[in-house]
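Heads up, the next two complexes both have chain A, just with different partners, chain B and then chain C.
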Partner chain A sequence: MDDLNQNPKLGSADRPNSYIGRSVPRERAKKLLEGKGKYVDDILLPRMVHLSYVRSPLAHAKIKSINTENAKNIPGVLDVFTIDDIEKVCSPWQGVLGHLGEMRSPTQYPLAKDVVRWQGEPVAVVVANKRAVAEDASELVEIDYEDLDAQLDMETAMDKSTKVIHDDLGNNLFWTRTVNQGDVSEAFKQSHIVEEVTLDFARHTGVTLETRAIVADWDSSEERMTVYHNGQAPHMMQSIIAKHLNITEGLVRIISCDVGGSFGIKVHVYPDEMVTVAVSKLLKRPVKFVADRLESYSTDIHSRCHKISGKIGVDDKGKILGFEIDDLSGIGPFSVYPRTSAIETNQVLNLSAASYVVPNYKAKGTVVFQNKTPMCQYRAVGHPIAVAITEALVDKAANALGMDRYKFRKINLIPDNSYPTKTPSGVPLEDLSHEACIEKLKKMMNISELEKYKKESLAKGKYKGFSIINMVEVTNPSPAFYGVGGAPISSQDGASIRLEGSGAVHISTSITEQGQGTEAVMQQIAADQLGVKIDTVRVTHGDTDATPYGGGTWASRGAGIGGEAVLKASRKLKENILNIASVIMQSEVNNLDVQNDQVIRKDGGEGISLKDLAQIVYYRGHELPPGTNAELIATASFSIEGIPFVFTNSAMGCLVDVDVDTGLTKIEKFWAVEDCGTQINPKLVEEQIRGGVVQGIGGALYEECIYDEMGNLTNGNMADYLVPMAYEMPDIIVDHVTTNSGRSILGAKGAGEAGTGGAPGAIMNAINDALIPLNTEVTSQPITPEKVLKALGKI
Partner chain B sequence: MSNLNKTTISMIINNENYDDLTVETRQHLGDFLRDLGFKGTHLGCEQGACGACNVLVDGETVRSCLMLAVQANGKKITTVEGLNSSEMEIVKDCFVKNNAMQCGFCSSGMLMTTYEIIKSKRKHSREEIREMISGNYCRCTGYQAIVDAVEDSLNKINVGM
Partner chain C sequence: MKSPAFSYYQAKDLADAINIKKSDDDSIILAGGQSLLPALNMRLSSPSVLIDIGSINELKKIKVEGSYLIMGAMCSHSQIMNNKEVNEKLPILNKLLAQVAHPAIRNKGTHGGSIAYGDPAAELPAFAVLVNAEIILSGPNGERTVSAKEFYKGLFETAINSDEILTSVKYPINQNGMKLFFDEVTRRHGDYAMAGLVGSIKQNNKINEEINLVFFGTGDRPNEAPKTCEYLLKNEYNYSDIKDILKNDIDFASDVSSSSDMKAHLSAILVGRMMKELN
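== the complex of A and B ==
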């Protein structure tokens, strides 16, 4: 079929059913708003029982004995299980991948075996007819521990005197990687100015408002496991549950209904979720586990926890000659299965300095074990660290040269006309627009006015600062991310689309929805490409029995990969429809098109509704000539080939006020210019940016999982662990540059990571800009009032 | 445990009478409502911090996780399922138009808080709106769309006053 004639041009807003590029409201928004969403905790099944976990109160200890008798005697308690029971039905795992060099992480059991290694690790599980009863009984499980030294500090993890967490490994090293491009030592020797900085990033976590939740339902007559799971990657969970519970993979069905926020937190394999499935298999009945908020803080994966030193060398004209980083990260006692806990550091190495032309680049990453909650990938994996170290050094170099920070960036940014090229670390880059983004940002921010405002404020004793930062964002990953290393994670996604007898269009997609607007985006693409009204289209997702195979929603891959599959499937279906219509209407295919749910004749004349066409095909097939290919269903798949990821880029800036008496930072304004290629729904893109920025602000100013010297998490609740609330947040001004990805017809890249990745660097640079007149700086996130006052020498 | 105190209570929920319901005295109102099938009341923290479980008790916003079901005996409860006044329909339209929710988990609580805001029949600045919704966590939106939605709602509802 002739593409140019039959397939609508993307983004031509004046034609009928042009939905790509329009901010169409989400069809299910009202349902979610009215509390009618269906979340895992809303599921009630006959004979369902509830779990409460007995978790380690200690960071590191030997389990000497476990006595479950008293707990078992509580009325309503069905049983209490330890690893001795669970390991009979659920095999252990190891969080290592094969493609990133040697990873050393030991076998992890679904419940602690012999030793507990973080506070919150599940040790035993109580099964009861009600959650409250299970919790009562879990207090009666007696566990005798023998304290072991806790290894908490990542900086002393490799010292000889430090307790080794896994004896077999000999030390506390999980993974290390170095990158060396060019000759960075020589570059620093040649440099006019060399600047250095060391930054600290606290551990924090995702705080999804809906906690992790799972219902497992083992049907022993069919040997079939149905799992309702508020996750992000149903087919990954299907494969893993099948493998570790020894069930035929096709007989494991994962259903992800509405998910109350995920942010990468819900894409990992958690011991307590695997145990829930195991208990269902043991008891042959439905079992529910819903984490409470303390369990979220102490067992949801944490992230960040980095200390990174960086060095930049520039010549006298401001050209960057060399860039070096050395990053240390602590990941808890296990690398998380199956994505591993190496990826954040790997991203830091890949992404540092990635917006700039840097001829000599050296990076080292070291990842060590600790007796704290396991750490793994959370939104904008590695980006906040990479962007903050890069942009801190860039500001330092510009300031040392006495050069305007915008001008310094303009000199060093990878020019828009130089793609394809590579990051300083050697990762392929294409279709980016740093120069266009920073130009737009500069106009939005009105930098000369900001300089004036700063000066006038300073004269009144007010310390204002602003920042401009550039970044790249990893989206739409290829098999290079996980699959190549051996993880059962699909990089391909599929879409199946059919025209039904009623004239309705139904899509099933392997992409899942956690609130981003997946359903709306898929509806828009299908309606746009088919030529139907958007309310003609329904979407099914999040069910391994009902959708094509695929990766799910993470790493900002839904629109770019899953959307392309929908686009391709829609075009195939349209081709089929037109071919059938040409037979029915006795017309050349090229004279036909679909608009507003009708097949029309381009030269005028009577058309036929899709409903009538479908009913001829389905109900009165005898009216068609024998041998007509009358398929009203089409399926397509898509994955990224030839490059590891589709990068996007952004420029961001913010204006802050630092109160030097209280140490409080107020964000007065925040600006972001993002280039995510084709925007299918601009409103949804902007909301991804805004929500992402606010999560980044959380990391920069408020969020930290605080441990005491014994390894106790001291702020595992929503009152003491601070997240951004409405009052402290600014309005965020968002604009776009559009450079389509050349890897797909749709041209869409991702947009979910940028805000979270860029905001921490933007906030820190703005605060340090405000502190210049006071000759001090802050280098540790979250940048609390206390840290500001310490930097000012006031406390 | 079998010796837990149980009490019989009655209340009006969304204008319907619920009489002689037996409840453990320790059960909080949020769990009680969810057990009755009012699943729109979401539990985010069970310590009164996040606001997702907000309901109206005799017209006032209450964290249903901080109130025992027995304390609501004889009272009039409105859950999100009962927020159906014409004004609240305007509010819902404004939330949808502004995409003032992503995952929807905080939305029932946000709507309850918005109910209180519009009840005041006053115009509020964006900063005031931000302060008024600052008892409700939202982890997805970054709050701006919610502020926009509340602002729009106030503009629409206050027209002609």
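== the complex of A and C ==
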């Protein structure tokens, strides 16, 4: 690669400005803590109007008529629109991709057309001078519905007697896939022990602190659409808005301000957001829509909703011979545009058993429609299901053999010296470290002490259990994820970096910030590679007019892909700086370096500050010899080539107490050892892991979108939908193994989703370990106290 | 989640507040606003006027009068938790209030607000019923007192007339060596309980002479359990008997947090905990 001899080694902490690998405090944290963040709802534009959506109160019904007259008569109301108005300026879409076999999802309109298909689907929109007025008027929009049977249960979706949601499709099937490697039935025949289990995962959602929000501002003079949007992928939104609103793509500008959490919730196309853009085009003025918490619960994408059966066969030595899963998932009435709602199931098929050597593997996934909120990709897509089914079966097999669970894993884990290799499903793997991670985890957890603690507690009538699990995490995807299937989603990211006249360094990156520290990471890479103080570096992101083109922040790709682009651009800029300095300083390039904002001579002697150098270039260029290449700006791009994803791996464990009187589970401690390659900022990595674990705890113990038999969401508020809160959270102890990715100079992989992917399996296994003396188990998440008591036969 | 339009009136004193209340049936008293304001934003309620009683200082006092502790309606939960006299005379209130939501909510939420709102899952109404607190209501015709046992009529239904304001609550300071118990089962700290219990036992020579139980989060109001109390006076605690008798006492109503079976089970477990702790 372009390895100049001036380029410092990564992670050499003894040289000045070696920021990669250090927990540098991030300045943005202070800004957010002081309440100075700027979010979409802070945007106030002249002539801006506000929207309130009239949403379907029913899960499935025909729209017989809509009367907007009374609503239009409320003072302050500008207009009320239905699909008849909106479809004149906004075309419908279809959530299908071409690379994963046949997907069957019908055309989805920005507002319901003729039929409503989930409670919360937008049917009409009121435009008013204030949101409160729009809400007043919303109550006066009269919609006459004719009830249709609601198809709610994914398990009966394919029954003949079940209502078909989309008549044209003939049944409720969206997508199905099978994977077959080796001969799994023969493997089970050869097995000494065969274990089976069926697990359920409820629907839950992302619950971002800042809800979805958008301001669209159509300037008819320039035919230009400016959109302030708290999303994760500005260039994707640019392309989609241009396409469906029929605007020249280059004239659509997406600006993402501060974003208060995303978790994958904000990377999809939502009907109410597209309608907001359409209303701006219709009215030729700025339009704001901020989802309130109630509509967030019924319209933000939901996730999970799986029932998965699994089977494992092992020989008498504990070697896994075969592994089989059958997964069913319900996705609501539409596959979500443009990423589709097939990806979670696809991940389950790809990732089950992925940490282990499994010679025979079979997997089947079935995805069906329901009259519930659309389901799509949320943090750790598919991972919690794949990890939980795998690790539940691994524990069952070990227990059936009477073998220590750690030892069983050691026998079956993919050895650290065997890469490159493939998952049992056939996906390429490289640069992983399962053995090193589980060794480190075992030491951290002090397993023999835990066994003792368990035994002593049991003697006092207390049920404690612990777990150890292994997992892989999909990060840094290549074009194989979405682009190959036809979605306008860039797998490449870019960075541009410039030295300014003041000596300041300015990066612009296509990676976005949602609160996780993107800016800090990019600053650290640039300062480290250029040899400047971190305060010297500023970052611009989240503006399609001002940043390079790229994918944005999702799938744990920001540091690994966007960071590499910053690294490459920084090295190019440094090369330019040194070449210019060699002319000014009359010195060989090899004798020069940049440290602390100065070009220095390695052999001593006077240097020159970057500020002075920049001012010679910009203000007094005549002092340089004619023809000097005096560019103080450099740009680079990066995307993953040659493999579909850069996998990472982790080992996790937890210790729980199960109160057999109340059914309450208390997590006493949680441990994680992860390998994300180069850590740019260890503290940010650890907080990603911890935050991920907390969200995993949410899925495992608390979070669930509860529907009644009519398809009403019954707990769509912050009191009844339980998110994990600080009081219940255990200490989460994090450590690392570092195996750099060979796909980049930086060597960084992703770290954002491992915790969420691993914690649900770790928690369920620990609870079931605690329940062994009582001869029962839990198999349904969230593992509520009621489910525990039912398993115990107490209620 | 924007409330419908309403007027706001800051009452100068109690008489002023009562006057306004009397003049407008659709007006509503604003105390700490911790239940009312979310209800407005969710458009579950659309009052004409919010009468803010937050600047009436006489409602913010905590007093001891003889064998009574008197809480002004506008005392915040935090104020009560930090009050020396309350912590000496009725220490269980501190333990109970620590389970009411979170500090920010306890700083704004008021004693009178919680008693008057009558949420069946709330701790304070159950405690008031347990000790049969006297609830003082002021209206155009002056003051009247309703005992807590007579105060709760049904789901969010109380004895307050539309022209009255709850001004204070009088708690008997623990008389005759009555021992008090409080516990609840929640999935997260600060949540409404799946089931909760406040109870009391009076003993003579280690023999139980009187037992009182009031459950919350179990039905449409604070639920007393007279048959269970009677059983416990005569018999040792036994989980399955207690669960059966509780089902006779209380019409356990499931909610989004737990089923009626779960509530009956947890109630029986809580009784067991109480008998263990107080005996």
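Basically, the second predicted complex is superposed on the first by the 792 of 795 C-alpha atoms of A that agree within 3 Å, B and C clash if a C-alpha of one lies under 4 Å from a C-alpha of the other, contacts with A are read in each partner's own complex, and residues count from 1 in each chain.
Basically, a contact is a pair of C-beta atoms (placed from the backbone, for glycine too) under 8 Å apart; a residue touches a chain by one contact, two chains touch by 3 or more.
As the structure is a computational prediction, the values presented were derived from the model and not from experiment.
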Is A:516 contacted by the first partner chain B, the second partner chain C, both or neither? first
Pick one for A:209: touches chain B only (first), chain C only (second), both, or neither. first
Go through the superposed model and pick first if A:74 touches only chain B, second if only chain C, both, or neither. first
With the two complexes superposed on chain A, say which partner A:714 touches: chain B (first), chain C (second), both, or neither. second
Between chain B and chain C, whom does A:136 touch in the aligned arrangement: first, second, both, or neither? both
So in the superposed three-chain picture, is A:293 touching just chain B, just chain C, both, or none of them (first/second/both/neither)? both
By the touch definition at the top of the document, which applies to A:786: first (chain B), second (chain C), both, or neither? second
What's your read, chain B or chain C touching more residues of chain A? B
Looking at A:662, would you say it contacts chain B, chain C, both, or neither? Reply first, second, both or neither. second
Would you sort A:722 into first (chain B), second (chain C), both or neither based on which partner it touches? second
Intersection of the chain A residues that touch chain B with those that touch chain C: 132, 136, 292-293, 717, 719, 724-725, 727-728
Name, in rising order, each residue of chain A that touches chain B in their complex. 25-26, 29-39, 41-42, 74-76, 132-133, 136, 206-211, 258-263, 292-293, 514-517, 683-684, 687, 690-695, 717-719, 723-729, 731-732, 755
How about chain B: which of its residues touch chain A in the complex? 1-2, 24, 26-27, 34, 39-47, 49-50, 52, 79-81, 83, 92, 95-97, 99, 101-108, 111, 126-127, 129-131, 133-134, 136-147
Which chain A residues qualify as touching chain C in the complex? 130-132, 135-136, 139, 292-294, 661-662, 664, 701-702, 706, 714-715, 717, 719-720, 722, 724-725, 727-728, 784-786, 789, 794-795
Mind pulling up the chain C residues that touch chain A in the complex? 1-5, 42-43, 185, 187-192, 194, 256-259, 261-262, 265-266, 269, 272
